[in-house]
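Presented sequentially are two complexes of chain A, the first with chain B as partner and the second with chain C.
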Partner chain A sequence: MVGLSVGEKHFIQGGIAQDLRSDGRKRLTYRPIYVETGVIPQAHGSARVRLGATDVIASVKAELGKPSALQPDKGNIAIYVDCSPTAAPMFEGRGGEELSTELSVALQRCLLGGKSGAGAGIDPTSLVVVEGKVCWDLYIDGLVISSDGNLLDALAAAIKAALSNTGIPKVNVAADATSDEQPEVNISDEEFLQFDTSGIPVIVTLTKVGRHYIVDATSEEESQMSSAVSISVNRKGHICGLTKRGGVGLDPSIILDMISVAKHVSEQLINKLDSEIAAAEASEEES
Partner chain B sequence: MAAKPGSAPVTYSPNLGQKTRPPIFKDNDLDWVRPDGRGFHQCRPAFFRTGAVNSASGSAYAELGSTKVIVSVFGPRESKKAMMYSDTGRLNCNFSYTTFATPVRGQGSDHKEFSSMLHKALEGAIMLETFPKTTVDVFALVLESGGSDLPVVISCASLALADAGIMMYDLVAAVSVSCLGKNLVIDPVLEEESYQDGSLMLTCMPSRNEVTQLTFTGEWSTPDINEAMQLCLDACSKLGKVMRTCLKEAASASQE
Partner chain C sequence: MRGLKLPLSQTQRVRLQRAFEKLQSLSAMANSDASVTVADTIPVNYEDAFLKGHGTTDLNGELVATVCGVVERVNKLVYVRSLRARYKPEVGDVVVGRVVEVAQKRWRLEINFSQDAVLMLSSMNMPDGIQRRRTALDELNMRSIFEENDIVCAEVRNFQHDGSLQLQARSRKYGKLEKGQLLIIDPYLVKKSKQHFHHLEQFGIGLILGRNGYIWIGEHVEARDSMVIDQAKSTEQSTVVEGINQAYTPLEMRQNICRIGNAIRVLTSLGFNVDLNLIMETVELSSSLKIDIHDMLGSEFHVLVAEMEAERRILTTKRKR
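Then we have the complex of A and B:
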């Protein structure tokens, strides 16, 4: 992104103050979201989400593994994001590592809940096959293809769509396994289990520019931000995770105000996203 | 130890107790006491000492319960030649665990994101424009991980920066709160952290009443959020006073 002149910066800040952004949106309006599911046939589930010029792909792969000794009734879920150099030349090699780690950690925080597993968007107990011995390891990978701001919201939407597209193969366990040996498992090719994705939260990133907050900032608007708060809200209106980004300090009352704004915005976003995902799944089945 | 002839030598590994434990509390158990006997809203007593490392520009050692950390600050030093000219200073943070910090050797390397979280917590407090073209390096080392590691490191790092004479807007104090069932406990220990249903870490500058970093994990309802944030802000202001006392003592001791 080329640097902005002083005039352009004033234009962006002034527009936000008057509730009219550079592309004509209001402060709390999202860009149109396009969802396609099943874009990666070899993965168990995948989705591609476009939010304006931001383009991300999420894929879900499941492998059989062993649950950890501390939590034998839960499967393992790993979320990792990779920023591809096609998005920006500075992401080549290790350049994008800091951004990737920040996005991965924020997504893990929002989707996986507390250490005891409570409040997780994805229920890890549904991934266990034989308690203590065999479970599914779920690898959720996000890829940033093109970046025009608001990567976290797009990635969370892509992961939600990919999980609703995911089919975990049914596993038949040999019934006569003794308690010491590894039981024999037979992975079926025909039957699949679908995930229940109604509990998965969405992420709303509120960017503070001057004295106002905007939702779904483009990369130009993000360059003018003083700070940003990414809030993950689920269908029940509970906060599932919050990350403050940007170095500038914020008054606590502003943060609480941002949380209530995010809850209000998330209702529309969840409904829009669900209808888009349903439409994408329907069109995938037709083709 | 004499080994039986023909058998492999037996190595001793400490028994860490049962690997799977029942939850340390039951949902309706109101008489539950924390492992170290504190109240739910009581922080561990904090011990801070500056000047722990002689060769560094500034350093600090902090001990809260069984969490022991040491932070040293080098700088402002000349930036590497490869870096572009910048008319504000740069902050470089590095957070690492010793291999013996955790009960299981080497477990601390899971937390690679702590370096960037430390950076974000501190950069809002430092006046970067007072040292252009140079870099300040902050190196944090956790000697023993007893729970609530990142908040203790952030507080200790801001003391180390003050000890190094870097100009700051205010000291940065950090506190974390865990949600265990319906209870909110402040400053959790390692055991409480492993069973938590949700956690909140808040970093603020007490005198300016500004939050520099905030992270929530797990599911929270709005009244819980308000209560938890209020708890953290109170605890941070008290912690800020303790840190100030430590700096004053160090300054008056060096004058004698």
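Then we have the complex of A and C:
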């Protein structure tokens, strides 16, 4: 990340204090979101999201597997993020590993809920084929191509778009399976089931700079942050996950205030994202 | 339309396509036979003696281009000048750079070139304005003039024999830049002109178009004896920091800075040359249509700017004939 001079830092902080950021946005305005779906044909679903200069790709692959013994009625979902060295020079070699694990953990917490599976944004019970024996394993991979701040929001939007683009093959189970044997399954090549993505939450990251919070910080603004809270909110306005980054401590009342601001911002974001995803799928069908 | 990633509706796409077609037809008339791509043969009279310059090579007895660009002929020299190259410094260019290192008797600046440029301590005016030899004490106080990550405006002085670049900042208009924002664009979009420092009186804003693609937009500071002020600052660092906290840029000036910044961003994403007239026209277009500053980065304004530029170029070519 390039350093900033004292004058530039002062200018950025002044802009945030006066509600007019460097590119003319207000504190709670997102950059224009550009969504493309179906960018990886070999995956079951994929999407590319551009948020200003931040560019991320998410892909979804599904494989048949066995559900865990503790939760026989739920499928398995794994989320993993990789920061490509093309995004920033510091990601070269193993430099991006720390950030990758941080993003993966934050996304898992926000989208998959707790260890028992409670409070998950993505419903794992829809992935089961034969209870206790066969289920779908979803592998969701995110790739950061270009980083200009707000990676978490962009990745969550890309995952949402990729899941709405995902077609899980229809499975026919052989009817005469005894309780002990592994049932035979026939994966159809023709028919696909679309994933239901209306319940998937989006992540809104609020970055605190000085006394104000901003949404969708660029990497220059992120370098000035004292702390950042990422809140995942779904369409109903329920909080699905919360992550705090940054070393500065926050008063609990500030966190509650941030949560209400995030809920307010998420309504517009969900609507905008849904319309962008619909437009992207429509243009993908045309081409 | 290269790299223009915007959510465009169908009508906007059609309008943008039409504007670009108009622009292409205008430029194609100018010098269609002079532009070449890689492996094109260059039309040359092989009986005349000529010199093969940059971007050309001899392939099977024919002169073939190795880069995409425009063929230039200077006396007997034939070379291909590529259009989107890295910044190529010329002596006398005004550049804006960022200090990356404070070294012995010099500062190293990053200027979007393949190497870091060097600004010698002896090429800077001293704070007290007296012309004298630089002592060891001056060397120790270099940080009070420029620190790491400071933005500096300077002029290219010469090339060293080993290829590195030397800058000088002797005039009052060069020096540290504060109270503004830096924009980084492609260097080929900033063409050499008579003036690179622009003082926009109606906004009170100074605009510096660095030839290396670094553009500075900020509050206009008079060509001042800033070095004297800097000395006083360095001795009272803490109080000055508090003072700065209360003195943010006024809102109206900030709005103008952001509007000009967004105008430049729109022009670069459309691939137009960035010069003062075009920037001012874009800013006036946006304020006359009462477009919100952030909406200037939306698809509708991009299409409007492309149409405006197509109209303007058609008018200028008509006037020339």
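To be clear about the criterion, the second predicted complex is superposed on the first by the 287 of 287 C-alpha atoms of A that agree within 3 Å, B and C clash if a C-alpha of one lies under 4 Å from a C-alpha of the other, contacts with A are read in each partner's own complex, and residues count from 1 in each chain.
We adopt the following convention: a contact is a pair of C-beta atoms (placed from the backbone, for glycine too) under 8 Å apart; a residue touches a chain by one contact, two chains touch by 3 or more.
All values reported here derive from a predicted model rather than from experimental measurement.
In the superposed model, A:V105 makes contact with chain B only, not with chain C.
Of the two partner chains, chain C is the only one touched by A:T29; chain B is not.
In the superposition on chain A, A:A69 makes contact with chain B only, not with chain C.
Touch criterion met: A:Q18 reaches chain C, while chain B stays clear of it. With both structures placed on the common chain, the touch criterion links A:C240 to chain B but leaves chain C unconnected. Applying the stated contact rule after C-alpha superposition, one finds that A:G113 touches chain B and leaves chain C untouched. In the superposed model, A:R50 makes contact with chain C only, not with chain B. Of the two partner chains placed around the shared chain by superposition, chain C is the only one that A:A279 touches, whereas chain B remains out of contact. Of the two partner chains, chain C is the only one touched by A:G7; chain B is not. Partner chain B is touched in their complex by these residues of chain A: 69-70, 72, 98, 101-102, 105, 109, 113-116, 118-119, 229, 234, 238-252, 255-256, 259-260, 263. If you check the complex, the residues on chain B that touch chain A are 19-20, 23, 112-113, 116, 120, 123-125, 179, 193-199, 204-205, 208-222, 225-226, 229, 233.
Those residues of chain A whose C-beta lies close enough to touch chain C in the complex are 2-8, 10-11, 13-15, 17-18, 20-26, 29, 31-34, 50, 276, 279. Residues 5-7, 98, 147-151, 176-182, 218, 244, 248-249, 251, 254-255, 258-259, 261-262, 265, 292-294, 296-299 of chain C touch chain A in their complex.
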